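Shared chain: subunit A. Partners: subunit B in the first complex, subunit C in the second.
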Partner chain A sequence: MEIQFGLIDFLLVAPAVALFVMSCVPLLIKVMRGNQEQNTMATLVYAYTGVFAAMGFCLPTIGATRTAFEGALVFDGVSAFATIVILFCTAVALTFARDSQSTNPKQFTETVFLMMNAAVGMLTMVWANDLIIVFVGLELFSLCLYMMIAMSLEEKVSKEAAFKYFILGSFASALMLYGISFIYGTVGSTYLPELLSSTQNLLATNRLFLLGFVLLIVGLLFKAAVFPFHAWAPDVYQGAPTPLTAFMATGVKAATLAFFLRLVASQAFTVERFWPFVDVMQWMIVLTILIGNVGAFRQRSLKRMLAYSSIAHSGYVMIGMIAAGIGGASMLGATGVMFYIVSYAIMTIGAFGVLHMLEPRPDSDLTVEDLRGLAARKPWLALALTVLLLSLTGIPPTVGFFGKFFLFSAAVKQGLIWLAVWGVIGSIISVYYYLRPVVAMYMEEPVIAPAQVNMRPLSYFAVSFLALLVLVFGIASEPLYQVVLASVAKVF
Partner chain B sequence: MPSTETILNVGLTHYLALSAVIFSFGMIAVLMRKNVIVMLMGVELMLNAVNLSFIAFAKESGNLSGHIMVFFVMTIAAAEAGVGLALAVAIYKKFHEVNIRFFEHLRG
Partner chain C sequence: MLLSLLIFLPVLFALIVAMLPEKVIRPASLLMSLLHFALSLVLFYRFNPSSAGLQLIEKTPWLPTFGVNYFVGIDGISFWLVILSTFLTPLVVLGSWTAITEKIRSFHICLFLLSSAMIGTFLALDAILFYAFFEASLIPMYFMVGVWGGARRLYATMKFFIYTMAGSLFMLVAIIALIFMTQEQLGTMSASIPDFYKLQIPFVAGDLLNTQTILFFAFALAFAIKVPMFPVHTWLPDAHVEAPTPGSVILAAVMLKMGTYGFLRFVLPIFPLAAEYWAWLFMLLGVIGIIYGALVAMVQPDIKKLVAYSSVSHMGYVMLGIFALNIYGVTGGLYQMLNHGISTGALFLLVGMLYERTHSRQIADYGGLAKVAPIYTIAFIIVTFSSIAVPLTNGFIGEFLILLGGFEANKIFGGFAVLGVILGAVYMLWAVKRIFFGAPGKLVGGGGDTGHGGHGVHAGHGHGHAAHGSHDDHSGLDLEIGAREMFVLAPLVILIFWMGLFPSDFLNWSKASLDHLVQNRTNYQLNVEE
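Up next, the complex of A and B:
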């Protein structure tokens, strides 16, 4: 067999190449200078160059469906959309990482290198058209994240978080790989189109394939933190440096869910033999929503509260995922999921961004009491956090409202009314814990010795921009929805 | 009771059974033990069990891609062991023992 690939393949993967090359430059400079850290701003400029070049390379590929490297990678609407979301999250998280108290300024180059390579892994995962490439991408970003968490200046909790994430993450990827081996054994290939075209048939006839498929889905559910595979999320999100938490909560989920969408596009959930598992999954989603919201309700630590709320948000997204997999108007579900990935990424990364600006020390763990009277001291920051939290609650006209609206209306159209009802109940519970910080900021007296707010201009700009984006996308949700619809339409 | 012939004729099923057994041992090591190094060994065991099943399937079907996948998995397992051991060193420096019983800060 002769393997051929031309310049076009390299142009298609140029975003990943740009990210990788520009992540190496600061590291090389550091080595040349005899392991002396250069100015962090200069490092950041190299990183930005990489990310924006990647975005530039990605833009011309939007609109057409192409494959690269003998079909190993696919570039369609879903991957283009997820690529932009991931690159955007990377740029924002890099900004936060420079300004954060918990990332070591003496190791900023390494943090940048790992973060950009994690982005390469995520891009690989969303482009992947072959299960083994999915696995490689997944491991690439996971390994980068484990190391970045452990590199925090805070010593105790971050080590614990890194190791917990490492063990549970490796466990889940081993399960997923075991599933891939069964799929390979029954299909004879891990090539995704070949696999997806025979999925329905094989699910109905082959037990081994069923087991493999279930294990693969379990691995993905773990990465998306869906009950009962959610237990790592609060610990890891709390223990990791806040900029990284922001990156993990958004980038990892965007990559995982984009690939999940590709898998679901085979309409595997319509197979009768698979129905019991779909039922189980629906219950898992209901429990995810409940546990996420009730867990967040009980937290004092704001970071842990947002971690539980991100579990709840995975539950909402999975409602759309089920709606996308059961045939009928599956397009609506898929579009809802994609739209929600965008809205969730913007508001979550923004909320964590505000938290990281309020942290005075590497080991500080903010509680609601620390926010008291913030509106009087930093009115704009308080306003940005308010907008982001309202969006997470799902109050119009923010983008969070429309994200939930499209998901739940898709579920209702697909006859999954009870899931939509549970989603709404979850949102109602969430009003309390999302609005408590807002009340503390605006209506309570400031604490006696307010902690220093870390007003670094770049982070401040990023957070304000994200809050603005939440409002803009909320008001202009219809055009955005049409764009998402057009990009998903080619896959479904 | 399977006849002697089915036991002695080693085929795909035997390899898959072996791989399942090794995989479960790995799982038990990860879930039950408290020593960080043993947990790492468990993860490696799980990945190698998967390798065995890839090879068994590839040999059975005469399809080469299974062999290639094993190389991917081996590389990733090596990288994972590297990161895991680095974490173990960091934990040892902090707690003076590689044991997860010190992990009690993150709860709730």
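Up next, the complex of A and C:
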């Protein structure tokens, strides 16, 4: 087969190219200067240039559905939307990485290089129109993340986290690849449109294909930290440097869930043969919500608490996914999922961002007690964290409330009221642990002398902006919802 | 514009307070809250009491995909509750003049945001908008109890938040279900409450798992927790005891009314069949609440806790009245909401005034207060009369109507509710006797000379004395209230008599709406008057 591609293909992948090129520039400069680290601000400026150029290249592709490289990549609403979310998270996480205490100042260039290439991997995954490409993207960002976790200045926990993530991540990748091999074995192709159009048929007739499909989904559920594939998340999120945790918790999920939506769009969940697995998945979601919330309830470490809460949020978003799936790819579920990806990204990255500003040392593991009296010392930072936490709880008028509203609506619409009720029970438990930091900040006095808050202006600006965004998208959620609706409409 | 202005003006006030210099915050807040109250009085000119429909409507799309609008309006049911909210804010600002000494700025910001959310709750005619205000009102109250509260404030505020949130989240799912039902039955998705009234929700008597019953209980749970109704009332005594005086006043006087208002606005008209079928349960729980609240109040050594449990008892009357489902009961229920707002609000203010001076709320520490603080005593006794429904006070009208309605609906419940009236008189009058009469308590001072010698001279030393609880010389404490506090109490006392002597001045504004609600209960519609 002769493969042809032209300029248009390169224009479409320009965001990834821009990210890659600009990630290499600081690295080259460092090499030219005899391995001398240049000013971190200059490195950050190169990185920003890459990310914002990528956003700029992405914008013209919105609106039309195109494929590139003989259909290996697809650029539709879902991929464009996920691209913007991932790039946004990358920009914010880069900012945090520069200001964080846990980033080795002698290796900042490498951190930037890896983070931007992880973003390239995520973009590849959301653009992928072929299972092999999906796998390549997934591995690219996973490998970058393993290394970045281990690069933390903190010596013990981060190494453990990196190793744990590497072992379990490889295991999940292997399962996924195993699944892809079954699919290839039965269909003779890894090209997604070809697969998706016949998925319904194949699921009903071919057991091997069913097995392959389930394994593929298991690989995704691992990355999204859904029970019983969630156990890595608390350790890894806690051990990783906080800016990277913020990046992982948002970027990886956005990429994984966006791809998941593509599978769901195949209407696989409506096949009768597949129903037992859908039932199992519903129970997995219920347990994810329960374990995430109960786990978070019991934590003293804030990072670990947010890690468990992110498991719970995976559970909520999967409610929408199931609703999208069993409703014959219902729009309501899919838009709910996409909307939640954005709202979750904004509030989670913001919350981790505030945490990293409060960490005095690379190895500090903040507890609720460390937040005591923050409102008196840093009123605006405390207010920003309060807004972000209220949004994670789902209290109006924040974007988190509307995220949950859309997900629960999708569930109710599909008759999955019991899932919505479990979501509600989870949210009730979550009130306690999300409000405990607020209690500490506003209502308790510090017992020991509080540590210095790391008020680097760029991070400060970023978390304030995110907190503001939570309110703006909360009060004016309709415009965002329309954008999400338009982006999903082409795919479903 | 008027209603939006009423809702969002306090937000503007909060922003202004955020920027003002610390010294002028109190007078400025007082001025602004009076302005807000004055603005709400414009309603008397704009509101037409002879119509049962929704008036002064404002409607703009908010989330059109789900039929959610920014939709506000007023009718006879919400009319007085809005006035009550705006009326109490200046009193609370004035009443907290010396009670709140720390973080004055944040306190007033909380107060104004709370006022905005409460008025929004009463005026919202869109279920999602209602939910947003209903939930948003938790946050300022959460801070008010948690930051300015007593020793166990963190426990109390967390409990308050989780209880209320737990109920309302189930309501959210029920609201979503109703929104999809409008799509099926009316063709377009709509979250507006008048559209919910048009729904025919399937109901099977005797069957627990039918749509109307499930939705009914989802809503009823949310509001019952807020009321609070026995057995989900346990957050209330904790929150009240730990809350600072202004917090207790707002909580008792207005926030609890969000629950009873919810029953009138949502539960009765949207689920008429389930409400009728399950009315006995709510009347029963109401009566249990009346008697249980009274009995527990009787044995409280702490005055504030006594008032808190009396709230449980009084709200039981309101629930009994509402679920009597006849015109007397419902009218009495609405009237009792206002009465409870005024009398319990006043009681909390009075307890707060005493606490500020002596830093004790133990009944045992007092006695013979009537001699040293006559004006305070008179005010307290008037409010007590209102609370125990002595004729000529507002409480009498409300409880009489409720009992009338209760008897008409069910003789047994009516009978037990009367027992509650007697118990109410017992615990309040017994408390009054112990606090104001008899031998002087240890905080009141010994001989008859205390009243004169202490005036003014030692007034500022209240704190010092209270710090040493065992200090036996308390004769220096000036327990009489000052001019500012009289200004706070005077409007409440006037209202107690006004509402007791001329109830029709008040009820005429709500009559049309309540008549309409009771007569067309099974086929309730509300005209939206442009």
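We take it that the second predicted complex is superposed on the first by the 490 of 492 C-alpha atoms of A that agree within 3 Å, B and C clash if a C-alpha of one lies under 4 Å from a C-alpha of the other, contacts with A are read in each partner's own complex, and residues count from 1 in each chain.
The definition used in the following text is that a contact is a pair of C-beta atoms (placed from the backbone, for glycine too) under 8 Å apart; a residue touches a chain by one contact, two chains touch by 3 or more.
This is a predicted model, so every value here is computed, not measured.
Undergrad: If you tally the residues of subunit A touched by each partner, is the higher count for subunit B or for subunit C?
TA: B
Undergrad: Once the shared chain is lined up, is A:Phe408 touching subunit B (first), subunit C (second), both, or neither of them?
TA: Only subunit C is touched by A:Phe408; subunit B is not.
Undergrad: Counting only touches as set out at the top, which of subunit B and subunit C does A:Val431 meet: first, second, both, neither?
TA: It touches subunit C, and subunit B stays clear.
Undergrad: Which holds for A:Ala334: it touches subunit B only (first), subunit C only (second), both, or neither?
TA: Neither partner.
Undergrad: Based on the superposed arrangement, let me know which partner A:Val134 touches: subunit B (first), subunit C (second), both, or neither?
TA: After superposition on chain A, A:Val134 lies in contact with neither partner.
Undergrad: Thinking of the overlay built on chain A, is A:Leu485 touched by subunit B (first), by subunit C (second), by both, or by neither?
TA: Touch partner of A:Leu485: subunit C, not subunit B.
Undergrad: Pick one for A:Leu390: touches subunit B only (first), subunit C only (second), both, or neither.
TA: second
Undergrad: Contact-wise, after the overlay, does A:Ile289 reach subunit B, subunit C, both or neither (first, second, both, neither)?
TA: After superposition on chain A, A:Ile289 lies in contact with neither partner.
Undergrad: On the A-aligned overlay, A:Met305 touches which partner chain: subunit B = first, subunit C = second, or both, or neither?
TA: neither
Undergrad: Does the superposition put A:Ala68 against subunit B (first), subunit C (second), both, or neither?
TA: neither
Undergrad: Which stretch or stretches of subunit A touch subunit C in the complex?
TA: Touch residues, subunit A against subunit C: 390, 395-397, 401-402, 405, 408-409, 412-413, 417, 420-421, 424, 427-428, 431-432, 435-436, 439, 442-444, 477-478, 481-482, 485.
Undergrad: Give the list of subunit B residues in touch with subunit A in this complex.
TA: 23, 26-27, 30-31, 36, 39, 43, 46-47, 49-50, 53-54, 56-57, 60-61, 63, 65-66, 69, 72-73, 76, 79-80, 83-84, 86-87, 90-91, 94, 100, 102-103, 105-108
Undergrad: Which residues of subunit C touch subunit A in their complex?
TA: 61-66, 128, 131-132, 135-136, 138-139, 142-143, 146-147, 153-154, 157-158, 161-162, 165-166, 169-170, 172-173, 176-177, 179-180
Undergrad: Can you list the subunit A residues touching subunit B in their complex?
TA: Residues in contact with subunit B: 132, 135-136, 139, 143, 146-147, 150, 155-157, 159-164, 166-167, 170-171, 174-175, 177-178, 181-182, 184-185, 188-190, 234-235, 238-239, 298-299, 304.
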